[in-house]
Structures are given as C-alpha cells and as structure tokens.
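Okay, structure first, notes after.
All chains are identified by letter, namely A, B, C, D and E, in their written order; residue positions are counted from 1 within each chain.
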Amino acid sequence: MSSKVLMAAKGLEIRFGGVVAADDVNIEIHEGHNLAIIGPNGAGKTTFLNICTGYLKPHRGSVTFDGRDVTGLAPRRLVRMGVARAFQIPQLFTEHTVIENLLIAAAAQARRWSPLTPIATIPERGEMLHLLDMVRCAHIADRPVSELPEGQRKLIDIALALALKPKLLFMDEPTSGVASSEKFEVLDIIAKALAEAKVTAVFVEHDIGIVERFADEVAVWNRGEVLFRGVPGEILSHPDVIRDVIGETV
Amino acid sequence: MVLLVAVTPVLAPTSQVLLTLAFAKGLAVLGIIVLLQAGQVSFGHALYFAVSAYVAASVARSFGGELVTTLLAGVAAAAVVGLVVGVFVVRYRYIFFAMLNLAVSMIFFALLEKFYYVTGGSDGLQVPRPTVVGLTLERGEFETILFYGALVLSLLAAWGTHRYLASPLGNMLRAIKTNEVRLEYLGVSARSTLLSGYVLSAALCGLGGALMAVAQGIVTPEYAYWVRSGEFVFIAILGGSGSVAGAFVGALIYEGVRTYAAAFASDIWQMVLGIVLLVIIIFGPSGVTGLYQRLMDRLVGPARPRGAGDSERAPGAAE
Amino acid sequence: MNLQLFALAFFDGIAYAALVFLVAVGLTLIFGVLRVLNVAHGSFYAMGAYATASTVGAIVAAGYSPWLAFPMMIIASALIGGLIGGPVEKLLLRRIYDMEEVLQILVTFAVFMILEDVQRLVWGVQPYFESSALMVLGTVDVLGITYTAYQLILLPVVAILVLVGLRIFLRHTLSGKLILAVTEDREAATAIGVNVDRVYLVTFVVGASLAAFGGALASATTSVIPGMGADMIVLSFAVVATAGLGRIEGAAITALLIGLGRSFAVYLAPELDVLVPYLIMLAVLLVRPEGLFGMAHTRKI
Amino acid sequence: MLEFRDVTVTLGGVRVLRDVSFLINTSDTVALIGANGAGKTTTLRSIMGFTHMTGEIRFLREDITKLPPAKRPGLGIGYAAEDRRLFSAFTVEENILMPAQVARLTAQETTRRLGRVYTILPELKEMAGRPAGSVSGGQGKMVALGRALMIGTRLIMLDEPFQGLAPALARRYAEALRTLRDHDPDVTLIITESNPGLLRRFADRALVVERGEMREGSLAEDAPDPLHPASPATTP
Amino acid sequence: ADKPDELKIGITTFLSGPASVFGEPAKAAADMIIEQINADGGIDGVPIAASYVDEGAGGEALVSEYRRLVEDVDVDLMLASISSGNCNQLAPLAEDLKVLNLMWDCGTQRIFEENDYRYVFRTQANATPEMLATVLYLLKTKPDFSTIAVVNQDYAWGRDSWDIFQTALKAMKPDAKVVAEFFPKFGAPDFSTEISRLQALRPDVILSTSWGGDLDTFVRQAAQRGLTNTSTLVLPLAESSLQRLGSALPPGHIVGGRGDHYFLHPERVGDPAFDDFMKAFHDKTGAYPIYPVFHMSQALAAVKAVYAKAIEANGGEWPDREQVVDAMDGLSFQGLGNEVTIRDDHQGLEDQLLGTTAKSDEYGFAILKDIMLFDAEDITTPVGEESIEWLKTLGPDFVASVEPKTYAD
C-alpha cells in the first residue's frame, strides 16, 4: 500500500493465564484506509485495541505511531498524540448529562484548564451540539447518561471519541446495540465526518454489512492471530472466513 | 439566607462565636465536598485543619501575629502539606484513599502528642489574639470582626469552589467518580485532576483550621483526631454533599444541634444527634439542601425531572 | 534483642493479634458483602463486652460455676447480633443500599452514636471487669514469664477456628457462594432467584455477632468502658483496608502483623506503639495498593 | 401464560411504558422490537420485578405484580440481561450452575440441564473453567444466555442475546433456540433483538414498542431492511 | 446589689466518654449537695440552680455552651472543668467574659504558674503536690528500692505527671534507676506486652498515674500474671478505682487520692456531716464517694464560703459579682476533706493523703492502711515559682524534713 503508515504493530504477544489473546500480531494501519477487524468471539480483537491504545502492555512486541515507539505508553499520552477510542462497552460519565460528557471531552482536547470558567460557556459548545446532532442524540443533550438505553450510550461514546479530533480512531463494535433501523444511517454520517476530517478508522465489527460498506481493508482475527488481511470483497468471500465468522448463507 | 446569618449576631450576640466556629467548620467541610465530587472520602482531612491551626498558632505566637498573615500562613502550610501527601494518596481510591488519609492524620496526631515540648502535647498551644491591621482589640470587637471576616471568607470560598466545580477541571474531578478509564482516554490524567482537587480541599480545610485556631484561642492535637475528620464528612452529608451551600448549612445545623443537645439533653446528646441524622438521611438523602429543594419543588413545581441517585430508583439498578 | 525477648514479644503479639482479628473479621465480612463500612461495628463490640461482663458477673455472683462464662459469651454475642444487628439491618440499612457509599457510612455512624448512649443508659459509666473466664483457665509459665492461658492459648485457638470456619463457609457452601454472588451484583443474583434481602440480613447478623463475640472475649481481659467501641472501629477499618476488601485471610494476616508489630514496638521503640497499625497499613498499601489480598478491579471495556 | 394489564412504568420521572396491555400464550416465541430506548429492556425488567410499576402482570394465571423479584426465577423464568452481569469471581460453569443450585435442583436434574445448555452452546464447554470476569464481550453474552437457559423452564427472556456475537455463531444459536422450542412445548420465549433476519428464523410474533406503547407487529413488514440488501442479515 | 431569685451556676463535667467515671459521680454529688444547701435555705436565702455541660461533647460545643451560659443564661459563676485541656481553654475565656470560674478538678500545674488571672481560681491542689506527696510516701515507706518503671497513659496528664514525679525522685533519690518508660495509648485494652516486659525487667517499683478503665485493666492484668507479687505498684489515682478493683488489687501497694480524699478519711470519719454524706451517697449511687466527689464538694463549699464572706464584707447586702471575685482571695472553706485555702496565686492549698492497700473483709475491696496525710503548705510549689525548677532544688534531706501525719491502723 502506498500511503503513509500511521500505526504499526510488530510481533505483539500477550497471554492471560492459558489464553493466548495475541500471538505474534503484525499489522500496519495506513493513513486514510479504514480497517475493519472481524473474527469469532474471544479472538483477541478487543485485546488488540487495548494494546494499541496503551491500556495493556504487550508481553512482547512493539507498537509505533507516527514513527514513534509508543509501546506501553499510557492511554492519555496516546490520546494527546491523536489516538482516540470508542468502546465495546460504552465508557461514559454516568452522572453527567450527555452534553456535559462532550464538553469535558472538548475541554480536554482544547486544554482548557481554567478553574473559574464554567464549562457550559466554553466556545466548543456549538461544535459539540453539532456532533450530538450527527449521532442523532441532540434531543437527549440534557439527559443524564445514567438514564440512557444502551444503544444511545454507544453513540455518545463514539461522539466522545470524535470530540477529541483524533488522527486515528479505534471503534470497538460501534454498531452493536444500535437498532438496525438506524445503524447504517448513523454510520454513514460518521464515516462521512471521518473522511472529511481525515481521520483513519479501525473498527471491530460483527455486522458484515457494515464491514462491506465502510471498510477499505479487512483483517480477520482468530485465536490471537491475524489470519487474513485484504480488501473486503476478497476476504469476505473466502470460504474459511465464511465458515468461521460469517456463517453460511441460508 | 446569608443576610439572615449576617444579622444574627446583632439579634443574639452569643451566637456570634458559635456561628464563627460553624463557618470555620463549614470551610473545612467545603474541602470534603470537593473530594466527594470525585467520589472520594477522606477520613483524615483533620490533618490539614490541624496543620494550618498549629502553623497559625505558631505564627501568632512568634511573630506578634497579624490576623491576615496568621490565616495566610496556615492556609499555605495546609496547601503545601496537601500537595506532598496528595501526590502519594491520589493513587488510591475508596476505602484505601479514606484510610490512607486517616493514617497520615493519625501519625500527625501522634506527633503532636509526642513532641509535647514543641506542641504543648495534648494541652495544646494557646493562640494569642492576633492584631487586626495592626490594632490590638478587645475580645468583643475582635470576635465581631472575626465573625464578619469568616462570613466574607466563607462566601468567597463558596463562590470560588462553586465556580471551580462548574469549570472543566471541576467536571473532570466529578468524572473521576464515574469513569476514570474514559477520562484517561480523553487525554486527562485522573491523578493530576484529583491532586488539584485534593490541594484545594486541603487549603479549604486549612482556612477553616486557622480560623478555628484564632477563634478558639487554643489549638490541641484533637484538631487532628480522626473523630474530627469523621465529623467533617458527617456534616458534608448532613448538608448535602452535592452543593457548596450544603457545607455551611450543614455546619450551622450540626453545631446548633450539638451545642443545644449538649446543653439541654446533656446525657443523651449523641442519641439526639444520631436520630436527627437518621431522619435527614432517610427522608432526604440529598441532605438538608436537598430537602429544601424538594420542598420548593413541591410548592413551586419541579424545575426538571430529577436525575439518577434519587431514592426512587429501582432496587439494585446499578450501573 | 536476644532470643528470649524475641519469643516473649512473639507470644504477646499473637494473643493481641487474635483479638484484633476476631473484632475486625466481622467488619471485613460485612464490608465484603454489603459494601457498607459499618461504623456501628464498634458498638456491637462494646455491647458484646458489656453484655458478657454483666451477665457473667451476675452468674458468678449468684454462685454458679465460672465455666458458664464461655457459653455465656456465645449466647450474649448471638443475642446482640440478632436482637440489635438484625433490626438495624432490616429497618435502616435496607433503605440505603442504593444510596451512595458515604451516606451508608453515615447511617451506621448515626446508629453508633445512638448505641453509645444506649450503652450508657443501660450499663452506666463505671468500668466493668469480669475475668472469671480468664481465671478458670489459669496461667502458663514460658521462659520464666507468666502468661494467662486464656490469652496465650484460648484466644489464638478461637481465632483460628473462626478463620477456618468462615473460609469453609464462604468457599465451600452454597450459602457462601451466594453471598459472594450477591456481593458482586445484587440484581443479577435476584434474577437467578437469590433472596438478596435474606443474604444481607444473615451476613449482617453474623458480622455483628462476630463483633460482639470479639467484645465478649475481650471482656475477660480488659475493662469495659464507655468509648471502647470507638477505638476499635479505627483499628478494624485499618485492618479491612490493609487486608484487601472483604478478605478474611487478609484480615488474619493483617491482625498478625499489627499484633506482632505492636509487641515488638513495645520492646524496641515504645514511642511507635500507637502508630503501628497505621505504619503497617502505609507499608502494605505502598507495595500492594489493593491491600494484602485485594484484587485490582478492572473495568470491563 | 403471560399477560400485561395496563402496565405503566415510570423511570426517573419519565413514563417509559404507558398503559401497556398484551397477552402471550404458552410456547409462543415473541420478538420484542423497537428503536433504541423504546422500552424493550424495561418491559423485560418489569417482568423480573426490577422496576417500579403500576398495573398488573399475570404469569400462568397468577398475579405476580407483588411477588418479590427473587421468587420469580422459581416459577421457571430465565432472564439474560442485555449487559451480561456475570459473577466475575466464579468460573463460567459455576455461573451457569448457580441458578440450579439456588433452586436446589437434584444433581440429576442439574446435570441434565447443564447438558442441554452445552448442547445448545458448545463453545461454553471450552471456557467452562475460566473466571467469568476474564471472558470477552461476546463470550460473556453466551454465558449469560447459558445461565438463563439453566433455569428458564417456562419462560426464557433474552435481551439482545446475539448482540456482539460473530454472525456465524449468532446464526447457530438462533437455530439451536428454535430446536429447543420445538422440542419443549412448555417453553415460551421472549427476545429483544434488532437483527430482523435472525428473528424471522424462529419468532412467531412480534410486539413493537413505540413511544411507550405496545402494538402487534408483523415480522415480515416490521423488519424491513431495504437500505442494505447486501447485509447477510437479510440475505434470503 | 439586689438579691437574685436564684444563684445560677454552670458546671462542666464529663457525662460521656471514659472520663465520665469521674464526671458522673461528681454530678451526683453536686445534685445532692445543692439540694442540701437549698433545703437549708440556700445562700443567704437564695437557692442555687445548676446547669450542666458535657465536657465529652468536644471543645467547640464546650466553648459555645460556656459562652451561652455566661452571656445568655447569665450565670453567676462557673465550675469548670475536669480536663486540663479544657481548663487551659476556658481560663482565658472566663477572664475575657469576666466571670468567676472555679477550676474544680483539673490538675495541670501550669495554669497559675504561667499566667495571672483575676477571675479564675482552683479549689483543689494540682499535679505537683500530688506527685510530690507520692514520691515522699514512697521514699518514706520503701526507701531502699533501686529500680522503677512507669506505665502511664499517652496524653498530657500521663506525660506531665511522670515529668514531675521523675524530677522529684531524681532530686531526692538520685540513685533510683528508671528501667522502662511505657506510654500505652489512652484507652488501651491490653497491657500484656508491657507486663511481659516488666516481668522480665523486675523493677522494684512500678508507677502508674493512669485512671479509670485503663488503670483497672492494667492492675488486673498485672495481678493475673503475678506482676503484683514481684513489684510494688504506686498508683496515685487509684483511690478512685479501689471499689471497682475489688480483690484484684492485692495488699501492699501504694495508692493516692489526688488530695486528702478517701471515704475512710482518718480525720473526717466521725464527723456527722461527713458520715451522713458518705452513707447518703452510697445509698443513692451504690458506691462510696471517690475523689471527684470530694473535689465537687470543695468547689461548692467555696461557693458557699465566698458568698458568706462577700456578703459580710458588703455590710450584709448581696454582693455584686466583682465583690464576690474580690472575696475569693485568701478564702478558706471545707468540703468533705480538710480545709482548703486559696493562695495569692489563686491556687488552692489542699492536703494529700496516701496509703498502702490492705485486705478488708468488711468492704470486699482493698482499704488503705499506713495512711499519711501531707500538709499542703509543705508540698505545694511556692507562689511565683515554676514547679519543675522548684522540685530540682529539693534534695535528699527534703524527705525527712516533711513530716506527714501518720495513721497506723
């Protein structure tokens, strides 16, 4: 691939007790190419994201970002370098309202530390409302997150990551829990926004429809290993992938 | 409300010192409330109360003692100690945080008792009455000045803390309570955020301690005892842990109930206090300020649907 | 310090450790399950001591065998746990499990204050001292020093029995498993049919009874005085935190550390005596932030 | 077998369900569908007794509105929550066995049911000995499913059971559930699921939750996915 | 001034916490004595009305309540307090509020050595004569001991009293060797380790100025483990524990009563007022009076005496408050113990009584024999001197120079 390598993982290895969650994982993430990760449950997809974002330190191997070795760097360091993440299980500030969640992200991104300015008045507010609108949550801006159903939490979790204006965005099953009637639409909008802002996305996904539509590349994980990697059309029709991941069509 | 408090000494002169003491405690409680925002409880904040009180006492004893410098020295000392201890304790959460603070404060308490040649042991140190802008005052005048000084300081501290809590930093502090992982993933260090809150809370406790020292005219190791730390937490909840005003309302009510219970039910004052507390928690878990809010809601109609954390939640509706 | 002194300090240490463990283990249990830091624990401890001292005193005064002191200790602690602990859980704590942690601490604090005065109203302010149980067991001479068999032998043995008993109960019985399940997620436990209310009630009563039992055992060696509960709370809290949340074994080891630390301090640096529990806690948490046996709680992401 | 009569649920001041009434017959397989936040989860939680509600819920002709939540699983109701809620201190198998132990089933019966669970969800067997706290998101969903199957002899309620499962797996489970239902006419299934393709595989009926109200829906028309014919969910 | 309807007195005492072992009996005594005074027609016809404040409620509550009593209730005088810490805090306050304050039970010797007060007086002795008398008694009864250890509570009283005792001992018996100093924490439930250590060290004498439950526990554990057979205990406050300790305190140990306070006071027994009170108190509370009861009786006796004196000085008219304060100087009064006189520095001169325990079948607890009664004049720091410095000036010959009254039976 011709474009610049944004992040590269080399020889990642990690095991939990007897479970090998990453076994010599080598993969490059190219700027502007959205990468979808698919694979059976427990294959090590989330673990890979955890390593790339600094949540876990690999037992062996290295991660570089923008040419710098970032292995084992704390998540907040990576975030400041431009790596953001949306989670499989939404990670939100449940005692804050939706808009407050976003404002915190915006303030963190813009490094607004002034202890005497109310957060509600920061200039990024409009931008955040727009972001909420984009994930179709504008109407719940003032609801406390603790009251929200799972699906909306997922969307807000993604919005939080977007608020950080990252260069590289990891999304762990962005559409699971989002009603099927909405997910394509919402993801369309997000994808467009990402493309405009030149954000590269890496996402774990079980919905093959979504993968086909939004991924430039697909990587197939199994038992901590990257089995296949390539363009969606090729990978998704591979018989092994169909058997282990997608399931035969009826 | 503020006005009411401000004119009280004119109407009931003896309440003046009681109110000054309540303000001093209220300031310390404000410090506790700051930490409660992050979901952390300290059972050792009496440490800062005492550090500041002892430093204020020493300053008042050795440098002739001007009120302003005495208070400032106390607060500065508390903030510095808060920073040093804070760097260590912000790594911990919940009971560990609570107990480490307790441990540090108890060590300080023990030191105050042990080095009794310096600290006066459990007899403590007398604090000579400081001068006010160079003037030496009679007790009466001094107490009046101290009362209004305390009132103004409390208002300032309450306003400042309120702004802080509404600011990005304050919101991040509150975010620690619910999701540190996400905070880290926003590029914010949960520890530094907590440290900023911790130093602020130490400084507030320090202000309360210094004020208490000059108002009481004596400092004793009891200032650092865990019971006092417990008392601060107690008042914070009594007033309503969510609001800045709660600190002072709680302190006023607490001091009032305790003093009058000790006077009129001198052998069962603890029981009286305990029952008052239970009633408040069971019927108004968001404290006195919450009760007031609810009353207003009922009279004027609710401002907006109440959030989570209210008693009406389904059993076990855990997050 | 020669070997003899070392041995002596060791004996004193384990006797004290046994008592600390017995008192703290109930708190650890309650905290482990209900996640409520029970300040009223100190009251149960004190009331167990008062109830035992006063009833045993009456029994002995009436001319009955002092050996009755031992069954009396068990009866008194069960009664305190059931008759006072039970209603406290059922009528008060039950209303507050959904509230914030601090509120829960506060409720137990209020209960503590009320019970302090109740004790004074019932038992007055004069110290009680009832050591019949200790006297009947006699003394043992070790290396020329006289120890009471009660402290040197009985207390450690009881402590070990309680430790082993609780371990077996929690690890190897269904009720124990359910307790652990409820601890983690009340709603999920309800969804598989566990009567959460009952588990809580039983745990609290058992925990309170253990506290009272600690007091009952202590009453044979110490004066039962107003305010004795307050001191025990702080110590127990320190044990809970050092041990790791709700960890029974941790409580045992912490108690041992505190007991030995204290007696060595008395021998080597009496000035540090008071600080021993805190220094141990600092040292342990510095190395193991989750306590001796605690597990790092990682959030699911 | 399950009936809602004028059920209203208010959460935090918001009326999430409004005067909802419906009837489900024994051995029905019902899909509960609706947009995010419509109230699907709330409906299931009400049956479990986890919400404050007014109205009446009847199960097997008995009014269970006032029945303590802990007694409901004893009626043969198994519930797999949307957010898994495993007991992380226990192993996967202990998690699955626990409802049987609470109900004090005989060893024989327990083994029989465990066998059934492993037949439907063979992947669980592989991770039986691992701490439930360490399994991945999708694996956790399976464990929750297994646990519900263990006790649900009359009514099994699954809240988004396939969410986060790899499609091949989800499909296998859907089939297994259908087999289960076909073999056991006493069992009633309620499933909330947003993947219409899977639902159509085995649901008889659809109930649509919308703006706090419940209406009958047809699976054929209420699960359109016209936007994305390529999605395997809708591949014929 | 006009005669008021009642003479209002505020009394601070411990009603909660460990020190309530002193506070409660003192309150009971105050109630009885005031009732008696009022029954006898009050003070020049004016009945006394007392309000109590719990010292156990903590410093702020105490100060607030003290002020409320003085400023709102407008009490005529205050009796405060038991705790030395509280005395330190309240003395300057009383001075500022210009209210007569009788310190009725606190022991810190520093108050009048470091400050001059107009309104504050002490109606009993202080730590210096109490400890000095103890040293003297020890040296007179057991002159040949060579080693001593101390087990005191870890707070101001425990530290200060040891300071005084040690200074006096060094001055009068320089060869006495201190082999161990233990300061277990206040309220310690267990002294096993200290006792093991003491058994290994075998000091001739073990001093403990502890009180209340701490003292009881220490003595009992020491007795249980045979420490009382090998060492002589010196317990300056144990008069207040004798009845509770029962037979646990064996014969042959030295006990003091913080003044000449003992329900079998050799000079007072036989006085009908004394005997009647002892009996009445026992009937009411089930126990014989202990030293705080004596202290309370002295404070109230001082109240009675000072009003009588001031009224006389005022030509039979009711005195105003300043006149009452003036009348305090040089006042003599007698409570349940011997007569007490207020010195120029406002310190009371109170005799000291010590004895050695003996078994008593009549009472079921140890009573005192070989009682010595020290004259206050001989053992109280002279006016204007600082206790520790003064004690250092004493020499071994001081022991013989003080001649207490002795009661052999």
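Operating definition for what follows: a contact is a pair of C-beta atoms (placed from the backbone, for glycine too) under 8 Å apart; a residue touches a chain by one contact, two chains touch by 3 or more.
Since this is a predicted model, take the numbers as computed values, not measurements.
Touching chain A and chain E together: B, C.
Counting steps between touching chains, the shortest path from chain C to chain E takes 1.
Centroid distances built from C-alpha atoms place D farthest away from chain B. A count of contacting C-beta pairs for B-C and for B-E identifies B-C as the more extensively joined pair.
At the far end from chain A, in terms of centres built from Cα atoms, lies E. One inter-chain figure worth recording: chain B and chain E are separated by 38 Å, centre to centre, where each centre is the mean of the chain's CA atoms.
Chain D has its Cα centroid 44 Å from the Cα centroid of chain C.
Inter-chain centre distance (chain A to chain D, centres taken as mean C-alpha positions): 28 Å. Residue positions 16, 154 of chain E are each in touch with at least two other chains. Among all residues of chain A, those that touch two or more other chains are 46, 55, 88-89, 91, 144, 147.
Along chain D, residues 11-12, 14, 50, 69, 137 each make contact with two or more other chains. Those residues of chain E that touch chain C in the shared complex are 16-18, 20-21, 23-24, 154, 181-185, 187, 189-190, 192-194, 196-197, 199-200, 212-214, 216-217, 220-221, 224-226, 244-245, 248, 287.
Across the complex, chain C meets chain E through its residues 4-5, 8-9, 11-13, 15-16, 19, 116-117, 120, 124-127, 129, 131, 134-135, 139, 144-148, 151, 218, 221-228, 231, 262-263, 266-267, 270-271, 273-274. Chain contact summary for the complex, chain A toward chain D: residues 16-17, 19, 38-42, 46, 88-89, 144, 147-152, 173, 176-182, 184-185, 206-210, 212-213, 242-247, 249-250. On chain A, the positions that touch chain B within their shared complex are 53, 55, 74-76, 79-80, 84-85, 91-96, 100, 103-105, 107-109, 112-120, 122, 144, 146-147, 160-161, 164. Residues of chain B touching chain A in their complex: 160, 163-164, 166-172, 174-175, 177-179, 181-189, 196, 307-309, 319.
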